[in-house]
Amino acid sequence: MSKVVAFGEIMLRFSTERHLRFSQAKAFTASYGGGEFNVCVSLANYGINAEFVTRLPENEIGYCAVQEMRKMNVESKSIVYGGERLGTYYLETGAGTRGSNVVYDRAHSSMATIQKGDIDWKKVLEGATWFHFSGISAAISQSAAEACLEAVQIAHELGLTISCDLNYRSKLWQYGKTPSEVMPELLKYSHVILGDIDTAYFMLGIPKVNPDYQDEKSLPALYSKLYELCPNLKTVATTLRYSVSASHQRIGGVLFDGKTIFNAAVQEVTPVIDRVGSGDAFMGGLIYGLVEYKEDKQKALDFAVAACCLKHTIAGDYNLVTLKEVENMAGGNSAGLVSR
Amino acid sequence: MSKVVAFGEIMLRFSTERHLRFSQAKAFTASYGGGEFNVCVSLANYGINAEFVTRLPENEIGYCAVQEMRKMNVESKSIVYGGERLGTYYLETGAGTRGSNVVYDRAHSSMATIQKGDIDWKKVLEGATWFHFSGISAAISQSAAEACLEAVQIAHELGLTISCDLNYRSKLWQYGKTPSEVMPELLKYSHVILGDIDTAYFMLGIPKVNPDYQDEKSLPALYSKLYELCPNLKTVATTLRYSVSASHQRIGGVLFDGKTIFNAAVQEVTPVIDRVGSGDAFMGGLIYGLVEYKEDKQKALDFAVAACCLKHTIAGDYNLVTLKEVENMAGGNSAGLVSR
Amino acid sequence: MSKVVAFGEIMLRFSTERHLRFSQAKAFTASYGGGEFNVCVSLANYGINAEFVTRLPENEIGYCAVQEMRKMNVESKSIVYGGERLGTYYLETGAGTRGSNVVYDRAHSSMATIQKGDIDWKKVLEGATWFHFSGISAAISQSAAEACLEAVQIAHELGLTISCDLNYRSKLWQYGKTPSEVMPELLKYSHVILGDIDTAYFMLGIPKVNPDYQDEKSLPALYSKLYELCPNLKTVATTLRYSVSASHQRIGGVLFDGKTIFNAAVQEVTPVIDRVGSGDAFMGGLIYGLVEYKEDKQKALDFAVAACCLKHTIAGDYNLVTLKEVENMAGGNSAGLVSR
Amino acid sequence: MSKVVAFGEIMLRFSTERHLRFSQAKAFTASYGGGEFNVCVSLANYGINAEFVTRLPENEIGYCAVQEMRKMNVESKSIVYGGERLGTYYLETGAGTRGSNVVYDRAHSSMATIQKGDIDWKKVLEGATWFHFSGISAAISQSAAEACLEAVQIAHELGLTISCDLNYRSKLWQYGKTPSEVMPELLKYSHVILGDIDTAYFMLGIPKVNPDYQDEKSLPALYSKLYELCPNLKTVATTLRYSVSASHQRIGGVLFDGKTIFNAAVQEVTPVIDRVGSGDAFMGGLIYGLVEYKEDKQKALDFAVAACCLKHTIAGDYNLVTLKEVENMAGGNSAGLVSR
Amino acid sequence: MSKVVAFGEIMLRFSTERHLRFSQAKAFTASYGGGEFNVCVSLANYGINAEFVTRLPENEIGYCAVQEMRKMNVESKSIVYGGERLGTYYLETGAGTRGSNVVYDRAHSSMATIQKGDIDWKKVLEGATWFHFSGISAAISQSAAEACLEAVQIAHELGLTISCDLNYRSKLWQYGKTPSEVMPELLKYSHVILGDIDTAYFMLGIPKVNPDYQDEKSLPALYSKLYELCPNLKTVATTLRYSVSASHQRIGGVLFDGKTIFNAAVQEVTPVIDRVGSGDAFMGGLIYGLVEYKEDKQKALDFAVAACCLKHTIAGDYNLVTLKEVENMAGGNSAGLVSR
Amino acid sequence: MSKVVAFGEIMLRFSTERHLRFSQAKAFTASYGGGEFNVCVSLANYGINAEFVTRLPENEIGYCAVQEMRKMNVESKSIVYGGERLGTYYLETGAGTRGSNVVYDRAHSSMATIQKGDIDWKKVLEGATWFHFSGISAAISQSAAEACLEAVQIAHELGLTISCDLNYRSKLWQYGKTPSEVMPELLKYSHVILGDIDTAYFMLGIPKVNPDYQDEKSLPALYSKLYELCPNLKTVATTLRYSVSASHQRIGGVLFDGKTIFNAAVQEVTPVIDRVGSGDAFMGGLIYGLVEYKEDKQKALDFAVAACCLKHTIAGDYNLVTLKEVENMAGGNSAGLVSR
């Protein structure tokens, strides 16, 4: 039976309601999320055993994060405690032509100050079949990048399938290294990579040109390059996102298994309730698809795209949908009928 | 002067706000509604005397339902008390590709345990000109179906116009009978029937194929069949609904008076604030149109469709619009201008 | 350095949330706004010194309005106190085919009972470079119209640039005079006028035909007429608004400088969070553009249209956007991307 | 069977929640109330037919007030429409040593501009047994005072029992007359008067010394004086209020029937949820007691005091309690047990 | 290591906020609770392994209840699914002299229709050291009482310590049996009983006289009687509650171990945020105290009383306090200082 | 004319509503506050020119803090920008026996990383008459302590009156120094010191024994000691606080001017809406009293105590009261009457 362990940061998110701007908010909705944790929630919702590993401050706010993990049925038993604070971020939800706005307040978090050796990975990964991480752990601090590399290496030794969501964030990477100095070492153990068109630049050290541009035609060349750099790579996928407005997205996906390029039909997503975490929803759907549908890559990709689309209709960071709901949409039913 | 009496169930509805999923909700918005009551509210808003008859539990929650009726100017003087509980239901409002979700908790309600004879229909219907019921009363329990038949028969004896909204709900009909065993007897007294393409199956006992599919072309044949089965039938109408997504509907309508098929132009309805009760809004508009516009069936149908469309912009079960607003939209003005 | 002084009314606005109708609201969101004040907020956001002059009641509610001005960085030092009440208005936000609804409760406000001479305009306008007013001050009462004329005349003597947003409101003008009896005198000092197609009728005393109709072709003739009537006129502009529904607007703009007609591309605005104040956002953008972009009228117009579009995504009366956000959109970037 | 008709003003009240100050409130809770309407709600709750007569603006806000009346089971059929606005007021709820704060915005309301003759009192009072008014109608405007006198005189002619709550408000009486110039004429027809120690001053024109001071000892002399001035007076009563803090009141009451002084035990009321309307709750309880307990004046007084105490635990202007709840407390049970 | 298994019902509770009455509530706060589940939460908070066993409907609302259990760290793995509905109840929170009001809507719940044999108790209780139930399971239906007896008997066979909170509810026991016909058989296996002065009547079939009366003097005689009837009884305890008002309670406790009567000092509890579940908090504290403090019965009782007092300050059914907080208060520190 | 400049930190505070525990909160109310800023707000409310100086992050959250300052009429023109984050803290509001709980998240704030020299104090203090700081700036970091000392020394050079609120916080002082190593140097320039009984320990390096204990008798000896250590000391004051429960405090005060001990009567404060910032309210009242009442030290102390008491009734960190309200209470009027 599959068991996925993910390593990363969980943050407390403060979001404004009803599209209010930060300066209008007298209250913030509090929720918890983070790229790798969001993947765990997706997997738990689909019936896959999922465990999340992180470092939390030993205070009431840290304990609240653990309660959220338990509620979401994500195993939290290997979490370590220490450090000063839970990372937080502020989200102002846009609408139409006004984009959403994120203000990070995650520096000096307990996860950012984690050290290699803080977690007993051999014990944690016992019985696990899959290890997931993302480029964010490598981006927040030198020591977190090192702790992540340690985990990846032990997962590799133990023979787990390893996946990585590149998750490039221009506002991070403040500790003196560039992605191209850090990521190649982490990615060389990876079997599954989720990344967009910027990946090549990201890996090769060329600055990102346009954060949301999607040039489908350049993907095959990019994928080939990735296969060269990552000896263990089995699957690479890309979320295609066309942003009509903050409230209207078009979502597709591409998957390459080293031989064939698979494409998923582009879906209309409108209105957008919350697009944060939709990439993580894709990643969660992709892992599920690869685990459950095995050789049917098209089905895996369609599942990932459907999961990603549905996430846009869910408030909060993670994808509160059932397996049946994603299957239903992946199967072509997207009319949003009332169930009664 | 017209006076409409409707018989059915009123429920307390618990809905999540801001498209939250059930598991995210720390609070539920409470409102009251039910197919036949919703029709009464529409009629009261249009200036028609409307009375609602039901059975309520004798507790604070039952009294709240009565306050709501009074607030909405729907006469409540003939309500009887008894039984254990007010039926409730939970509504999770969808968005885009994620449909809304209804969880019924209406079993064992005071209305479901009503008995034939609980209501003195001769007295209640004195002075009334129209009696309205729906397939829901027949669907919730054997005794409610019997109580409904009693009402219909007395209304028939007293010479009232009788209307029925078929309102098929697959989650009901749990008491051992199928619609086709119960409905024909009820419908044979009806002068006005609102039903969709499933009606034929519903009457003839063939299982429903696709709950939202609308095959306009099959309607004439269906209507002819209905006229054969229902000797008193004067008017049959159908709401046409094309669901682009949970947030975008296209609404049209068809009416047949035994001779002519009338069609109303399809309207774009986006965004959808709340589509629950939009069929009841059509029904309410139809009764108004038939009463007030008499021989102008096209105008009656246009009014019903406009009412239905506007309902999608109103939170809650019933259609909080004025006569002037519906007339305005039925007259072609749907640009949503600010009145100031 | 530019300093803009605006004169007008600030009101307390009570709006329903989540598209609730008035009769459903148990609470109203309170905010402050008014055409001329909204222009000041826009200018302050763009970095222009802005001062708002009005008359307020000397009570807690009046003080709250002043706090709001300070928060928005709009100078409030010349406000005078007196009178009975702060004007209020009720806003029910529509959706789709249901338009928004405004109920004014502004009669007898402290601003409506202001008298010529209440404000020491020579002192107030010292150091100012621009004076802005709107047709609303002329519409609320005879004495407010007189107080406004006094201000305009002193601004003229002092050599300020004078702008006017015609802002026709059919529900005002209740004090016995028509716009065409009052406005020409006020407008003859104006250098900048913002007005729609109704302006001609407005100035010439012919009743308004259709409040939202936009007949672009008639604009040149209208503009020529205005130039005849207003000897100081330098710039006239019009917001073009095509209302698909209450939730979907198309916004463009036209500007004439006496020689050339400039047109701005029509933008899709959907969803509409709050369209109240979008005309004021246009006006604020136009003043900014004329001040900062001087001879580049096209750029000034594009800025005004972008500001107007963005306002539709902001709850409340005034346009809570930064200079950078408007420039970004005026520059063609309207995809609503997440900033993170 | 008794039927009480009350005449007065209903206002829309905007209150801050959770003890927020006005300047902290981003939203106001909206409710409806007014001294004489509040009395009607009490009576309707106790099972007495109650009708409220007033003048309302013909707009959505006025209609909301009518919906509230219907919800509360208070007859609204004789209401007349006209005028500009519904009176409003702002309430900031205090706590402990910080008192509550009321800002009235009721000038120029539809009720304040009512004229003698606007209401067909002969028709309205047909079948009624009791007429209730308060000093507030006399305080808001000359024309309202005249309209009130007209009503009182016709009620007198028709032989109704007439009651008046003096309800002195220092912030009203702004139209150029003092209470002592207006009230004696109104009170000479009254059979029941509710007033505190200030009543003497109020009637005799001596300024109020201390608005909350309660000098029980002076009451007999005051009462004797009142009996001299009011030839029809049968019962006079006073609410005794000792204010420990905004959150802690002590409530008692005194009643004089021309022969005997009755006293009710002082009750501890803490915490205070909302003290606005507690005097109206006393008045409502007193009318009920006089009607139902007839000669048992002590019981009537105890009922009024219990009703007044319970009102302090209810948010909003009127007393949402059942007959059983008041009887229970009047009977000595004030321990606040859970009913389950 | 101790492991406590509790069997009972968990309900969805709908409570009004800010002391609103039912008829004022437009929204209900949703939370989950139930006597035996509340005990589990207390134990989990104190670090004791706790598992809750019940029967839930297989729908979204049932799943929400499970999420709540997980969040609270209460094991839910042995829950069985089936039946029609999750029991619900409505809570109106009183204040001062107005008591709280509960309207149950728990009939026909999945737990009420549980059958003996539905749960594999041998498997469930493997490894457990303590079994807890309450009189509520016996009160809701014949079949639930039988299922409860089955559990108790198997727990007895397996040698677990058995505790029962009598939890008399006059509104239950509607299925045709009286407590005295059912409870003695259940209690004869119990080692720990929590019950108030009504217990004797409850066991002996004499009707309850006064639900909140606490006659300390009669307790010794009652306790002796209980020891006669329950051969396994080791500890009996009683919560003493003196209700000054709904907002002010005085809480003490008594414990008898067959030899000595222990008394805990009475504590002032004001204000009361939520008293529902305070008895369950006492029970949870008592089990903790008996398990951890073993022979120090006074300490166990003090802990239970402190837990009960603290519960009154927590919104919702269960006692969200830490071990340290209860120890702190049991140790005499109740001044409510700020921790910073 | 007096002008007070205060230097310190402003934080974004996240508080739970309605006494919810952290783990129950789905939303946090956002407000801004900090000891020295709170003093400025008090002074601005009383009509004293007040300026606040701090260092803020250059992001949207930092700008929100500035808006709050402007709204509160506190000058913000000398604020410097830089650093990573705005300090935040979480507040869980207790009730009765459960104390409030604060979780600080203020490490690494822009204020904590301020450097000596970042602020041009000579320019900032030009025209000022009073400089205020607190022990918190010295407690958050070495560099903030140094920046504070720089400010104090320049204020001393410029001849300003200098005041300090010792404000001991056990959770701060984490940077390697104890208060007694840092504070004496800062205090030697101070003319006014606010501190409680712990002050002696604080200055002499003896650990705090009991954070809330108030031993009035030891104050004279403590005060004498302080006068020895602080050559410029003119006035020392202490807030006396007796904590009955989190909801009930008793507040008094003592002031010593080097010759006479003044005592203020102890006031009952119940209920407590929010006690955070009540010490700052005392400080603000004290500065006002010393500035305005000059030689009447008793009046100054009474004003400070009244301000402190009133603060407990105000939600949020700072004291939203008017001069008149404090004077009214200082004058003995604390009955919390309604103003209407």
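Just so it is clear, A, B, C, D, E and F label the chains in written order, and each chain counts residues from 1 on its own.
Here is the rule we go by: contacts are C-beta pairs under 8 Å (C-beta built on N, C-alpha and C of every residue); 3 or more make two chains touch, one makes a residue touch a chain.
Treat the numbers as computed from the prediction; the structure is a model and nothing was measured.
Student: How many steps does it take, at the fewest, to get from subunit B to subunit E if each step moves to a chain that touches the one before?
Tutor: Counted as steps through touching chains, the separation is 1.
Student: Work out the mean Cα position per chain and let me know which chain is farthest from subunit E.
Tutor: Max centre-to-centre separation from subunit E belongs to C.
Student: Any chance you could check whether B-D or D-E wins on number of contacting C-beta pairs?
Tutor: Between the chain pairs B-D and D-E, D-E carries more contacts.
Student: Counting residue numbers used by both copies over all numbers at the interface, does the subunit B-subunit C contact come out same (over half shared) or different (under half)?
Tutor: Under half shared, hence different.
Student: Counting in whole Å, what is the centre-to-centre distance of subunit C and subunit E, each centre being its mean C-alpha position?
Tutor: 62
Student: Centroid of subunit A to centroid of subunit F, CA atoms only: how many Å?
Tutor: Centre separation, subunit A to subunit F: 44 Å.
Student: Two or more other chains in contact with one residue: find those residues in subunit C.
Tutor: Those would be 18, 23, 26, 67, 101, 271.
Student: Please give the residue numbers of subunit D that touch subunit B in the complex, ascending.
Tutor: Subunit D residues touching subunit B: 67-68, 70-73.
Student: Once bound in the complex, which stretches of subunit D touch subunit C?
Tutor: 14, 22-23, 25-31, 59-61, 63-64, 67, 84-86, 88, 90, 92, 101, 103, 105, 107-108
Student: In their complex, what parts of subunit A are in touch with subunit B?
Tutor: The touching residues are 17-18, 267-273, 309-310, 312-316, 320-321, 325, 329, 334-340.
Student: Which residues of subunit E touch subunit D once you look at their complex with the stated criterion?
Tutor: Result: residues 18-21, 23-24, 94-102, 104, 169, 171, 211-212, 243-248, 271, 275-276 of subunit E touch subunit D.
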